[in-house]
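Here you go, one structure.
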Amino acid sequence: MTVSSGQCEFETTSGTDILDVTPDVRAFLEASGISDGVLIVFAPGATAGITTIEFEPGALADFRRTLEMVAPRDQEYEHNRRWGDGNGHSHIRAALVGPSLAVPVLNGRLDLGTWQQIVLCDFDNRTRRRRIRLQAIGE
Amino acid sequence: MTVSSGQCEFETTSGTDILDVTPDVRAFLEASGISDGVLIVFAPGATAGITTIEFEPGALADFRRTLEMVAPRDQEYEHNRRWGDGNGHSHIRAALVGPSLAVPVLNGRLDLGTWQQIVLCDFDNRTRRRRIRLQAIGE
Amino acid sequence: MTVSSGQCEFETTSGTDILDVTPDVRAFLEASGISDGVLIVFAPGATAGITTIEFEPGALADFRRTLEMVAPRDQEYEHNRRWGDGNGHSHIRAALVGPSLAVPVLNGRLDLGTWQQIVLCDFDNRTRRRRIRLQAIGE
């Protein structure tokens, strides 16, 4: 049993940028040499989230619309009133979606569904350089 | 420390079928021989989710109603316009609830609350044969 | 590779009490002696959740407002009709936020963002003594 750590960085745009990080996760897993275990994908940061979705433009647009309904960008936020950075909605979306995902690994492969991709959601209202942490435990 | 893998299959109905998979998870854990560690429950697929809830008809009906408010079945979805499969709402609900759950294992037992059950939520709009992956790491 | 278990208890108030448990998680990690691996934070119970957020009063107030919009306290719930305990909204919020979080550990530290704290959300409608489970796996 070993632990293997890695990270990836991405340039993101403002306005709920959703990135398919599955290829990066797969590349990390292959390099790790771990064939059976669990892989954690984690977004360090209070305005990003990790989940899975079918990565096609329609589903992504729908997901953005739902998040806009649940935590509208132009609503008043106490966070904005205190800090003036205008990303109150980003914090709420991130807390709801959550920053971590645990994916089973079998025979060196992620056990994902056919249409299921791992995505980094950057909810912030400005372009950023985003880092995700990949942590695999297994044998 | 070892890794133990298993899976379970379920026949689901359309319209946010919610299944209590706790007995299956417990049976897997017992067979695994792992007494202390972590057990991952994962739904491979872009239209299903894993969470916990008190598995009684009232809470399940309330959960379905909330999901219907957040991502209504009969709303227009870009996903449906592109793919014509009518399950745009399923993708959104799955992305929000998330496909993975990590449950602590102590002395051979899941550390769940008394009224807390592990559920597979099939959000798809048709009956399916669903698989969940169970992955335990521990000693 | 070892497994280390711990738990913490908190007195909570009613009405979506959100507690910063990061210092407790850090203290547990330090005592565990694990320097690289994964730490699971888990809320045993059907009316609590674990997520991350920037722990400042504005973002917490905004998060509570969003949850009140998604699952209003004073709406009618089937759960309440059956059980009369008035916490139907608590069950829905808990199922949405989810009870578990997996945090990467590197060099003895949680890989959190600067403004990202781990929070226990007690959604119940009465004061409680709440327990969270901490489970670390690593070396």
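Chains here go by letter, A, B and C, matching the order in which they are written, and residues are numbered from 1 within each.
In the analysis below, contacts are C-beta pairs under 8 Å (C-beta built on N, C-alpha and C of every residue); 3 or more make two chains touch, one makes a residue touch a chain.
Predicted model, so just to flag it, every value in this text is computed and none were measured.
A.B. asks: Please categorise the chain-chain contact pattern as a line, ring, star, complete graph or other.
C.D. replies: Here the contact pattern is complete, since every chain touches every other one.
A.B. asks: For the copies chain B and chain C, give the interface type as same if over half of its residue numbers appear on both sides, and as different if under half do.
C.D. replies: Counting shared over all numbers used gives less than one half: different.
A.B. asks: Between 0 and 180 degrees and rounded to the nearest 5, what angle rotates chain A's CA atoms onto those of chain C?
C.D. replies: In degrees, rounded to 5: 120.
A.B. asks: Hey, how far is the Cα centre of chain B from the one of chain C, in Å?
C.D. replies: Taking the mean C-alpha position of each chain, the two centres sit 19 Å apart.
A.B. asks: Quick check: what residues of chain C touch more than one other chain, meaning two or more?
C.D. replies: Those would be 1, 38, 70, 96, 98, 101-102, 137.
A.B. asks: Which residues, counting only chain B, touch chain C once they are in their complex?
C.D. replies: Within the complex, chain B touches chain C at residues 1, 36-38, 51-54, 56-59, 61-63, 66, 69-70, 96-98, 101-106, 111-113, 115-117, 137-139.
A.B. asks: Tell me, which parts of chain A touch chain C in their complex?
C.D. replies: Contact set of chain A toward chain C: 1-3, 5, 38, 40, 42-46, 70-71, 77-83, 88, 91-92, 94-96, 98-102, 133, 135, 137.
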